[in-house]
């Protein structure tokens, strides 16, 4: 079957999923998969395509989440109205981290992302206006429909799906335009790319800023659904871990990799939390640590790539002989 | 200068010496093979728990905990090198970063799962109480930790610059292919570096545990402190790490004393960002 | 004057690898840089491309001082290069490799693709356009690097040991390709280890020895120069032995 037919089929399944599985648990699970797929797809732009591994992406998630809750608390805005604020703050922070480090080896960037995320968490924990250690809440009762406060997960499901489609569409467009080509070239061989006139530092920064802005949207959506944000959920390192592990497990640098990763890990985490309760949280992250090590050691391109390679290997590769003859 | 300020300064220097000790291992590995160990802080955390268990089970102090922690951590470091780092260090950036980052999570939440999230600490008088020198009060535990840490950091520097093992390691750092042609086995030297760096976190952890809180997540804080120290000192420089470690210990203690305890980490992390912006080659590095 | 280097010096610590070397090229010239390993020719080459900044001296491209410019800034101004050890984009296809070069002059993927095919046709790689670059052998990669560089529509092309590691037949094919490129009006700088290649291609040759320029002139002139004969042939064995310790600093 052709690729586009497959995609349409999967999209149809995703659209009808919450109508087939109507229990609140399964609908909420579906919405969470889509929410984390948004964040992981956004991470993918800088971590997967540009090859710059952010381990502190939660800071952008937190920007979006905190912007929405803070502007609601202090000015009564509907939470979703703060999306531009969260995006602007995220892009600013991305520049703060990216401008000095993206010129240097990729390790500096990763170290700086951890430090800034931790810095943001410490600052917010000490700022009363941002709820300090307690956190901030959204509207208790929806005032208008714009508060996006629903008891059912169904509306969130479709909202998240729409946003995910936009993020994936943007990624697809990027993949096929000059910036996408340049990012892959930089990831493969930065020195060679620069010799061909690619302004590597600048393109990596663009990717990081786009990624940051989109991640903050995921943060806003999270806060809208939960109606609450605190330093741990909004700025804790574990959220960074979740975002990056979903992209890396599914396939960093592949359009649908993060979605695949989220579809595997979110249900696993929800189920293990339900079975093990509070004790499960520690264990989940032990397992995540092990998965991350195994990906790094054996499958740095992720599961989806593994699957696609298997499928390609099943077909004969006609160009092999030609390659030997000509080159 | 008031006595209490002097007291804070000296306390900060002693703390900073321990920062320098564990950061020197991070900088050694970075300088030798261009790898950042994201689990470095969690190595120190494990050593702190070793010290805690040594006290809990045998009532032993740092002199009993240090050799045990050093051996254990050195073994962990060598295992990590052969089973993980060696394979990811030539791979894509994603694998290089995520390899040790995954290890960090595994250690951190493994300890979390085993010991719970609670903060622990060793009894204050485990190392000879507090001295009073001309009105300046100094904890014996800090004095011991600081002095030993400075001695060991200098010893590491001398080992690298004055012994044949050290010059072999530096040769690998310089050009591992050329070193190989001269009959040095880069793989073995890098494994030794990992054993050494991890062993030093063992000693540093056993020392710092005598006056610092112990928790599964302390490794993240210590890792960031090591990043600040190493970047401020210049990547790969042991002497740079020593100076930077002492400086950060003092800055941290002073800001805790002058602005408030909750802000000391904020100040230190902000310095990191400032260093990256203005002196990415480190304070002593050339432009 | 298209490219000019004035008293370029490069030191690493106490070691002076390139010592006050000057060259000048007009449009359509082929300049050869030769010398034993460790003589400093690759370091000088990298000062021209921007991979290294000269410690002192200037590099002038089209009348503009580019001494302190990065490789990407020089690429925009019409300078393109290949690498001694091929630096292809391993996971991308041959076509995509060349498109990266073509994207310097257009942001439209369709136009970049058309331009890439033109260049692939010129260098004879059109049949493997869809193969992954990582699957090519050394000769294929060296050709691909030249194609990629040409796709940036440069005014001057710098080739760093484009023949190293090739068999005699492949060297002949490569020389033919360089001639073909030169006939399109391209200006070239060629670093070569093999004297024979330079003699058959370059109009002007500079001979490096221990960081110094010890001779310059036509290939015929420099091969008769006694200093060159001693340095290049007489001490060749000694220079090769020294490789194990010092290596080529570039």
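Just so it is clear, A, B and C label the chains in written order, and each chain counts residues from 1 on its own.
Keep in mind that, in the parts below, a contact is a pair of C-beta atoms (placed from the backbone, for glycine too) under 8 Å apart; a residue touches a chain by one contact, two chains touch by 3 or more.
It should be emphasised that the depicted structure is a prediction, and the values quoted were computed from it without experimental measurement.
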Between A-B and A-C, the pair with more C-beta contacts
A-B
Averaging the CA atoms per chain, pick out the one whose centre lands closest to the mean of every protein CA shown.
A
Need the CA-centroid distance for the pair chain A / chain C, whole Å please.
42
With chain centres taken as the means of their Cα atoms, state the distance from chain A to chain B in Å.
32
Given the complex with chain A, which residues does chain C contribute to the contact?
49, 51, 70-72, 75-76, 80-81, 83, 87-92, 96, 99-101, 103-104, 107, 109, 112, 124-125, 127-128, 130-131, 135-137, 139-141, 143, 148-149, 152
For the complex, give me every residue of chain B touching chain A.
30, 34-36, 38, 83-84, 87-88, 91-99, 101-110, 112-113, 220-221, 223-224, 227-228, 231, 262-263, 265-266, 269-270, 272-273, 276-277, 280
Could you please specify the touching residues of chain A with respect to chain B in the complex?
47-48, 51-53, 55, 96-97, 99-101, 104-108, 110-112, 114-116, 118-119, 122-123, 125-126, 187, 237, 241, 244, 248, 252, 279, 282-286, 288-297, 300
Listed in rising order, the residues of chain A that touch chain C in the complex are 176-178, 181-182, 184-185, 188-189, 191-200, 319-320, 322-323, 325-327
